[in-house]
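Take a look at the structure set out below.
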């Protein structure tokens, strides 16, 4: 499905579908909203850019791919909606880690 | 039409005609104005610069072309009007993704 | 005329004669002063520097030349007057695009 | 155990399990909360990223490994919880030193 | 005279003797003090540094020389006095252009 | 003694034992607390990191070694305590100079 | 004398003994305290670091040496006292020029 996603992100950006707030992953990661410190959110990658160009003009390969479940900082990226579904466009550098199941 | 556009953007800049506020794309992307977070706008590229020069003086090819429908951050770029039509001049790095239809 | 202009700008700077505020270009670009967002101004390049040096000490060729009509951000550059005529010294990177007529 | 940790950190990030506040390490390092200056916290590394890419696109090897006890600045990184256990995702550059026992 | 000037500026710095405020150059450049925007000042270069070193350790040749009449941003540089005469030490990058007579 | 120090600092960091406030070095350096300007503190290096990696991935050798008495800016680094003794972890670039006795 | 100075500055730093406030140099440079703009101070270099390392790990030679009389920005550097004599540790890039007598 991801390859057909309607938005093709540029550079090192990815499109992410955020997990529901109350959702608990199979792996048991729970992300309460009352934390005093900023907590990461999690989501699933739907589309991946080609990667940024380094200083020598070579494209840097991406470390994530469509389908990966990822953690990302709460206020990073840009939200948008398609047919009332919320998505996020993030830079790969805002992704903290991949959730392995 | 794009090749004849009256403004030739410099470096990695592009000229974009923003979509109407209330417009809904064929693909169903809808961009409400009431969002708490900044949402991207969409538009169509009318003209594309030659690309910026990297640190070694080589020109970096652009990833977008005239006719592309793109998402960009709401407050990026510089607006201007020609014959009462509003345009935006954006740097390519402010373009989040390409809308595929 | 431009080659004889009294100021020789250094590096990637250019000297620009701004267009009159109310002026409308032949091409019909009109720049109202009431815009909520910052709008570019337009002007004509009178003199062009030799270009900046890149990290390897090579001079980066300029993308504009004397006589070009250009758009530039409203608050960029430094104004000065010669014989009561107002000029601007701008860095090339503040030039958004070239107006083609 | 660390190789199986549920989060695989990206780039030069690590996952750390912070030591209890009142805990005193075997080595006798005690970290009071009343200090006027910010004090480092300590913890144990559970998972290590592959390392960041340098300007030439080569991966920079990490200087820490799973199992290392480390000192890190108090407010660095991002907290999250799995099954009510608190973890931190840190960049390696926020790690001040390794505690040798 | 310039070669004997008492201060030898370091790196890409120059020593400038600012023109008198009310002075009008032969070329007719007049710099009123009432401008709403910052205007450049003009002056004559008395001494020139050897140039800064680039990233590869090579010295970047200066684009100005002693005797040049130059325009520079009003608040750039550091003032000092020798025998009640005011001078400025400027970085070359604060020089906007050379006045040709 | 230094080689056995309990903390192994990472990158270009060092562990320093600050000198007592009122202490006067053999060399007679006295550091009053009433100065209007920030004054450096002095201390003895107990442990030294392997050095940072430069842009080409080569390790930059450290300029200080265990046992060196050094001056450092007052508010640099991170304090911590082991068995009620205060230490500082500093980056080498915060060390102003070495005190020779 | 300078080679024996008690502090060996690191990197591109120098140790400077500032001239007395009211002092007038032989060359007649006078630095009043009432200036509206920040004025440089002058002093004599007592000790010079080995120079900073450039991006390729090569040491950049210093442009000043012990004994040089120099001008430097008033608020740059770090003060300290030895036996009630005030000294400054400055980075070479804060030195504006060398006073030739």
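Residue numbering begins at 1 within each chain, and the chains themselves are lettered A, B, C, D, E, F and G in the order written.
We adopt the following convention: a residue touches a chain if its C-beta (ideal position, glycine included) is under 8 Å from a C-beta of that chain, and two chains touch if they have at least 3 such contacts.
Going by UniProt, the chains are A, B, C, D, E, F, G = Co-chaperonin GroES.
Please read all numbers here as calculations on a predicted model, not as lab measurements.
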* Length of the shortest touching-chain route, chain D (Co-chaperonin GroES) through to chain E (Co-chaperonin GroES) -> 3
* For chain C (Co-chaperonin GroES) paired with chain G (Co-chaperonin GroES), centre-to-centre distance based on mean C-alpha positions, whole Å -> 41
* Computed distance of Cα centres, chain G (Co-chaperonin GroES) from chain B (Co-chaperonin GroES), in Å -> 51
* To do: Could you grab the centroid distance between chain C (Co-chaperonin GroES) and chain E (Co-chaperonin GroES)? Build each centroid from C-alpha atoms only and quote it in angstrom.
  => 23
* Structure fact -> Residues of chain E (Co-chaperonin GroES) that touch at least two other chains are 55-56
* Reading around the ring from chain C (Co-chaperonin GroES) and passing chain E (Co-chaperonin GroES) first, what chain order results? -> C, E, G, F, D, A, B
* Structure fact -> Seen from chain F (Co-chaperonin GroES), its contact residues with chain D (Co-chaperonin GroES) in the complex are 6-11, 13, 15, 47, 49-50, 53, 55-57, 78-84, 89
* Structure fact -> Per the touch rule above, chain E (Co-chaperonin GroES) residues touching chain C (Co-chaperonin GroES) in the complex are 27-32, 35, 37-40, 54-56, 58, 60, 63-64, 71, 73, 92-93, 95-101
